[in-house]
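Listed next: structures, encoded as structure tokens.
Both complexes shown next keep chain A, but they swap its partner, so chain B is in the first and chain C is in the second.
Let's look at the complex of A and B:
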């Protein structure tokens, strides 16, 4: 059946729903492109035949193949675009250096796209803050104050902050700490920002 | 030592430091904690908040945090026991204690370096003077050595006379010392015999906020809740409550001064606190009037609602006021406006006929948004129910966090769930009181009344928590006083025991002072329990900050009681 291979690609992405990047399915993509090429060739010959010999009964099959081609195109672009969005969010989550196992899952073009995205993000951030630059990737939400109140959701043990002091993070204890120190732990789910 | 200027000696000291807050598990402490947190957020003082439920918790928390913190603020814990001996801190740790438990331990009062008490000194403390309890050992040594050197320098002829003189003087000194020690023991016994409560911690911190001019309406509301908690749980006398309410009223009118403008009226969503002379019916605005009357201690005891006669009197009472049963049994908010308008006056008039002169009490209410109106006592009941909820898989600190959250205005669902839990708790209390009175579970043991809740009693799990059990105890005593004909029994205190932990086989025992109109709420059971446990070597745990609440092994119950009876007769 036509378009089944491309649906496979989409399902693969759908299965990894929480932003993880599966390996780039080169084989699958190549098969889909081959299918599209084959459909296109068949359509070409049929269109020529229909034109020259006036065979109107070929037109439905031409239309069918055309629809399949469009569907394949739509799915392939969706696949590529979704991967791109995931790679973009990786920049915000991991920073500018990606871990090796993630980079392994990206194809050469995606790696190139990623480095260009990095460059444009960096130049944008540099242009903010009156020429000084502002690291937008540091905070998950726009910060309202220097210090925030956080609640500890699980026992994390001791935690050191900038001036060398150590804080014991025990479950259900609340702390009032500088914002930048807590961001990492909030992302990890150890601390929870308390808004009163 | 007592702090005189709370701003200079406390706030400015900790303003640039990191502080550990150790907070006890009662509503007053939670409110005080909220106020202090608000102040710390304003000035960006870094702190760590740790909830503690008893002395063991306090010691553990201190041990865990003593490396990292130099300044500790203890809220509603730590004043009534020699803190330095219990915690054994290093010399540079400083403790700021704001505690309502009295009497304050004398060592805590007279320690100048490490213990600072955030307590008002005119608070009826009665601390014995320093010289009566502490005596420098140096005077004696100096006296002796002085005499000996005198002896050595005199010629030998007069030595015998001087020897005799010296021996006499020594005997005199020893006798004086023994007398002094005996007097000291007596003074300390009198001082530490009765346990009671002082000014609310939330009020102390609100005054700090006021002195710093950083007080907000939220903080004022929390201070009111802290004060009301002391009244709801019967910790302070009526006089003190009225005096403190008057103080709060001044602050409330100061904050409300800005609302009077007609042109710039505040939006309906702004928080408004108002003085109310409202009914003493628990949660009546969030329940039906009928349920509230049945489940509030004051009305239930006065009508004696556990008897058939009492039920009839209640129906008469409602009929006397002209309130149809159908209206009274539905949700308060859905009652007819015509009935709600004069409700308080109508109820007051009728209650006077039935012997309830104090059905109305001075309190405060808050009002924000169209739907949200709460009285201070509603908040206390809701937060107390959350703090002591007995759901499975919820540790004490989980409950503490939930209760702390419910005090913020942005967590209304939490508050409403608290109100539901409080309703269940009040109904459970009423049913338990009714069954105890009807089955004569309260027995007079001579110097006190005693009641034991068996394991299979419905809702007995609720009463394994100290505050809930204390509330039950007080309601039960009031009900008993109203129902018994024995004049002598009406003046007795009550001890109540309920199963605490079925696996460990322990019970929680609570003692409350006798019920009277002019009771000064002073409780002597703390010392009595200690002595009884010592003399029978029962396995007890005096972990609670209130010394009149202890945990005891079930098997030791009878010998402990016998020891108490002999002790108190």
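Let's look at the complex of A and C:
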């Protein structure tokens, strides 16, 4: 059956739970593109035949193949676009540097898209408020208190807070830190918010 | 939260735009909150409020500078810090939801920007417009590079306007009426209903389709909640 391979691509994304990025299925994509090429060539020959010999009976099959082509195109773009949206939300989650295992799942074009997106977003945030700049990836949740209790999940090294004090983030140590400084680290999994 | 931010009593938030220069901070914050809620709950992108954003940012850095001068350990300082944090959250959240809508509906947003008349106010601030254009170009390049250019010649373009979903203007929103409205025409939802007319009393709350009251949101006569 036509279009089955492309549905498999879409299913693959659909099966992943929210926001997860499976490896780019280059192989599956190539198969779909091959199918499209075959369909297109067959259509070309049939169109020529229909024109030169006036065979109207070929028209329905041409139409069917064309519909399959359109469907393939639509599904492939949906596959790519959905991956973009996932990559986009990774930017908001992890900051501008993606963890290696995620990068490993992206194809070269996606990496390029990501770095361009990063750039656009950064220049947008810099230009806010007449060039003053505001980091929109901070303050994701409404603030409840100024300081929060956090526990270190892994060694992160030294960390400077606003008033210039430097603290050492060591695994399993607990700290009482300004919330706005550690939001990012919590999302990266370095710190854990201790809710007592 | 709004109590903490705007405890000026009966500050009128619906002042003329010409009087903006004399707006008190509390009024400014009220304006920001209004824009924030509307933006958060409306399905489509609303007109940009870049002058409010700029004023708030100015205010924030002003407050920040003041706080630097306060000596350490002052109880008042931490209360002000908290206030700064809250305002900054509202501001970021507002800009974030705008950005999210721009990314979600980028072809439609740019299309509206293109078809906008000379004197009409722009939906997008200049920065947002630059971002939307870049986003569009970037996404188009990506789709071309990864798949489209390897497709048969007649299938190498995608109509972004058709491919990307439009904002769902028919979704329902909660709203509070700020100025009394008469003769609002509610269109039928199904074939066996008829259109009818409602009056919206000041202070009353409703659940309506966004499309019906969209002009009232942009004029500020109703507030989405």
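Criterion: the second predicted complex is superposed on the first by the 140 of 196 C-alpha atoms of A that agree within 3 Å, B and C clash if a C-alpha of one lies under 4 Å from a C-alpha of the other, contacts with A are read in each partner's own complex, and residues count from 1 in each chain.
Note that in this section a residue touches a chain if its C-beta (ideal position, glycine included) is under 8 Å from a C-beta of that chain, and two chains touch if they have at least 3 such contacts.
Every value quoted in this text rests on a predicted model; they were computed, and no experiment measured them.
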Thinking of the overlay built on chain A, is A:110 touched by chain B (first), by chain C (second), by both, or by neither?
second
In the superposed arrangement, does A:195 touch chain B (first), chain C (second), both or neither?
first
Touching A:64 in the superposition: chain B (first), chain C (second), both, neither?
neither
Please name the chain, chain B or chain C, that touches the greater number of residues in chain A.
C
A:76 contacts which: chain B (first), chain C (second), both, neither?
second
One more residue to check, A:176. First (chain B), second (chain C), both or neither?
first
Touch test for A:146: chain B only (first), chain C only (second), both, or neither?
both
Who does A:23 touch here: chain B (first), chain C (second), both, or neither?
neither
Please work out whether A:166 is in contact with chain B alone, chain C alone, both, or neither, and reply first, second, both or neither.
first
If we overlay the two complexes on their shared chain A, which of chain B and chain C does A:127 touch? Say first, second, both or neither.
second
So which positions on chain A get touched by both chain B and chain C?
146
List the residues on chain B that touch chain A in their complex, please.
18, 37, 40-41, 44-51, 64-65, 67-68, 395, 397-398, 400-401, 408, 410
For the chain A and chain C complex, residues of the former touching the latter:
29, 33, 36-37, 39-40, 69-70, 73-74, 76-77, 80-81, 84, 88, 107, 109-110, 112-113, 116-117, 119-121, 123-124, 127-130, 132, 134-136, 138-139, 141-143, 145-146, 163, 179-180
Which residues of chain A touch chain B in their complex?
146-147, 149, 151, 165-168, 170-178, 195-196
In their shared complex, chain A is touched by residues of chain C numbered 1, 53-54, 56-58, 61, 72, 78, 81-82, 85-86, 88-89, 91-93, 95-96, 99, 103, 127-128, 130-131, 134-135, 138-139, 141-143, 145-148, 150-152, 154-155, 158, 163
